[in-house]
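A, B and C are the chain letters, set down in written order, and residue numbers restart from 1 in every chain.
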Amino acid sequence: MLTNYDRLLKGQVDEALTFIADRFEGYLAADPQLSFQMAAYVHGRLVLDVYGGPHMAADSLTVPYSTSKNTAGLVVGLLVQRGLLDLDAPVADWWPEFATGGKERVTGRQLFSHQAGLPETEPMLEWDELLDNRRAADRLAIMRPYWRPGSAFGYHAITIGNLADAAVQRTDGRTIHEFYEQELRRRIDTEFFLGLPDELDDRLVPLLPIVPPLGEAPAPTSYHPLRDVAFGPRPGKDVDLAGSEKSYRFGHPAGSATTTAHGVAKLLAGAVTGIGEADPILDAETVAVIGEQQVRGFDEVLGQHDRAHSIIFQKPSQQLAFGSARSFGHDGAMGALGCADPLTGVTFGYTIVRGPWPGGADPRAVRAAREIGMAGL
Amino acid sequence: MLTNYDRLLKGQVDEALTFIADRFEGYLAADPQLSFQMAAYVHGRLVLDVYGGPHMAADSLTVPYSTSKNTAGLVVGLLVQRGLLDLDAPVADWWPEFATGGKERVTGRQLFSHQAGLPETEPMLEWDELLDNRRAADRLAIMRPYWRPGSAFGYHAITIGNLADAAVQRTDGRTIHEFYEQELRRRIDTEFFLGLPDELDDRLVPLLPIVPPLGEAPAPTSYHPLRDVAFGPRPGKDVDLAGSEKSYRFGHPAGSATTTAHGVAKLLAGAVTGIGEADPILDAETVAVIGEQQVRGFDEVLGQHDRAHSIIFQKPSQQLAFGSARSFGHDGAMGALGCADPLTGVTFGYTIVRGPWPGGADPRAVRAAREIGMAGL
Amino acid sequence: MLTNYDRLLKGQVDEALTFIADRFEGYLAADPQLSFQMAAYVHGRLVLDVYGGPHMAADSLTVPYSTSKNTAGLVVGLLVQRGLLDLDAPVADWWPEFATGGKERVTGRQLFSHQAGLPETEPMLEWDELLDNRRAADRLAIMRPYWRPGSAFGYHAITIGNLADAAVQRTDGRTIHEFYEQELRRRIDTEFFLGLPDELDDRLVPLLPIVPPLGEAPAPTSYHPLRDVAFGPRPGKDVDLAGSEKSYRFGHPAGSATTTAHGVAKLLAGAVTGIGEADPILDAETVAVIGEQQVRGFDEVLGQHDRAHSIIFQKPSQQLAFGSARSFGHDGAMGALGCADPLTGVTFGYTIVRGPWPGGADPRAVRAAREIGMAGL
């Protein structure tokens, strides 16, 4: 039963989740600049749709950084469901140019679970290439991997999106943008865009940079060989992934989609649980395939322990405990989160204008997503 | 040369191990409630058989929790030795119903080294199912694994016993209880029972709960997605794994056997080194097979680092340093320990009525097992 | 442009690297006993060749412990380049006696990336065997591995050298000493010897033991099962790996070569980048093969996290950050370091008479190697 909430926090909330709304009301009271949206479905029924703070309206759109990857993960799932992509076949079966540099036997499963050693090209992709999937794919195809494929995994922060486009183009024929728009976004009727339409420009809210707490300096980052490879300064004309029109107009499937929190939750509901009486776009078998954990442990690129991935998506971990062992999703560097839990039926979205230090999913949102699953709705 | 020890500690001890007996005498003096049994063989010769404390007699029987798994590990070894079980063949070869949900190619080696992603069913096994191997196996067979088999490992705290029974039933024809009783326990003549015989009921000593030290609260357990799956409250009529007659009468091969410490050491001696002049039941090749480390690292279920397994058994680690790199065994949540070291010939058993905080093998026993191996007997 | 440096530090340095020379001048001023050599090439051009301290002359030779393994790594690369060794074929193809004890399918790739579970024999190799490759290989061939090959990795501190010799003898016919001397050392004309020639004896400088800082006791070493296996006291007549003539005259390819720092850098330059206008001995494909990371994570023998290996060589890690993700090399227990970075063209050598506590590559040298790569020479 949805009720209206109209204090600092505004929107609709199922009565059973009022405790979560109240907690976020408290966050808004304590921090006058906090501005976010949060939404959730349970088994396809909207149970939460709220927003608050001076920088967010109900329909504000933001760039959720890597939460964008939820689009690419669902797209790859749909390719699998339609029999266009066999995750256990060599990538070279559908991408002949890929069969070089020791990648001859790399499978789709390895490629889309961050095991192929292609977190970047060498030298780094320029901005113009990054925002042009064909050019990025051509450069990635000829790369020698940064580690023996299958022997390790490491976050392909950006390239996973270009690689997902290659899979769509070479198996379906459309671009990932066309495929996603026609097969997922429009069918589900959700405002989670790969490429912001011109006419929505005035709803776009720019992100604000994350700021360390007063007196806290950035932790001295210990050196890890691949971190610079993947996160060093990118060559080419200065582009900001979230802030530059060139980037969000393109809509990079790994990092510069545009969405509301509701848009994230609705996309995942339409694909994973179905909305209302409608069947989900992905069948249960496909949901199991894209949610099955492929790797867990030390991330070769981030230099962090206890990271885990299924197909493109993140799996929950101690630091990112958004749901049950069956759940999957993706957070964003600036605080956003999208996740789905087939066990509890929860699909969840969260966007924020200025995420908390030091970045990654806002822990307040992670906790909310987990608690909605435990509420037994 | 065994001598009698008759102080707070009572029993027999090889002169070369008096230093260990003296240390445990000290423990008894310092803690008037401490009650344990400890026994060891070296190359099949009894070198230590002692007990002490108000709750333990020489022949007291207790439920050693997961130390029970020593029975299942030896059983699987004997299946391999007899050519009934090929660890590298798909489980589906001997269990056709298992070939579903992505488990089609899972091997016995993966299944019995905690790699198959089946630490529980979904929803959790009820008590009645857990204590009925056929029903438990039927539910496990149709499960979709909690991770891609082979990509990770995690402790199958209970189900490993049900799965071991499935292997026995489907390759030998008997139940694991029948097979163990006839092929191992009776031949070795040891008091380590899978299913406590009625006539021994008055020797059974109940365990006492582990208690945190005064002033020490339980550590705030960090969330790990699969920990709840495996260790959450189990549905069904309230049963206590160690304390309920239904459980110890059944004798779950993963957790509710009944034994003396001497029974543990003697079982392992009879199987691994042979007792006196007798040949061991397992030949050296089989001992190597069941003792060969299959996995080490992060345990997906426990959320702990530096865990390691061979076939069903635990391998030693920094936290559980019971012997050489060739040793194997299994501890129990309430403090018990059983282990064998083919390099030194040691087989060791330990039971305790109330184990030390926070649980798992009593570190005093772990140290004793290791030191007996170093004594060069 | 090389300029002379003639203060406490002596030698030649490219102007762009003066900041490094100045920093080492400071180290010499602060510690009157510090005695080291350091040298580097960039794309085959000498850019640094300096030494300092009371125990080192420009041409002093020392035993660099495991930095010796740079010889063995290049040798294995040359076997691959010549088609004599297929890393993905079973070792048993070229070494039939090896096909026992569960090693039947172990590949060269596993063997030379410390995955085969042969960090020692059981019982341990005696000194006489260690310094006789045929005897050591005979004992290793019949071993049952210490873990399931491929399921883990652990540093083969000494045996990797004996195993490399087996590969040379059984595919090329020569010993590793003959092959290295004829195909690498002489062609490159570098003073990095496997087996110190008699006539250079008076240039040999003995190492001094590493000493803990005043008041700092050795950390209590936590137990790890395989550490004792690999690093316990070695049986046989007392030999010191670096100090005994028997050892350095033999020149163990895993630990008792003899060299100058310049010799290390020049060997790697001749093999990896070419010196001056000459082609390198290893082609780019082979360099990629020997530098490709095969394993990263927990080292089963050392009990340490974030260790990584390519073929024989170490890969950089947080603790050993000597270059880019493409770099490879090997440090020595007493402070030495050799490494090459195909991305930046740097090859680097460092030797030291008394390394800093607690051993392994001198962090000052690791930093210098990395900075030379960043200097853009």
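Simple rule for what comes next: a contact is a pair of C-beta atoms (placed from the backbone, for glycine too) under 8 Å apart; a residue touches a chain by one contact, two chains touch by 3 or more.
Since this is a predicted model, take the numbers as computed values, not measurements.
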| Which contact partners do chain B and chain C have in common? | A
| task | Please state whether the interface between chain A and chain C is built from the same residues or different ones, using more than half shared residue numbers as the mark of same. | result | different
| Between chain C and chain A, distance of the C-alpha-averaged centres to the nearest whole Å | 43
| request: Would you give the residues of chain C that are in contact with at least 2 other chains, written as numbers and ranges? | output: 297
| message | Considering only the defined contacts, which chain A positions touch chain C in the complex? | response | 101-102, 122, 144-148, 151-152, 222-226, 228-229, 297-298, 300, 303
| request: Using the touch rule from the top, collect the residues of chain B that touch chain C in their complex. | output: 288, 292-297, 305-306, 315-318, 321, 323-327, 343, 370
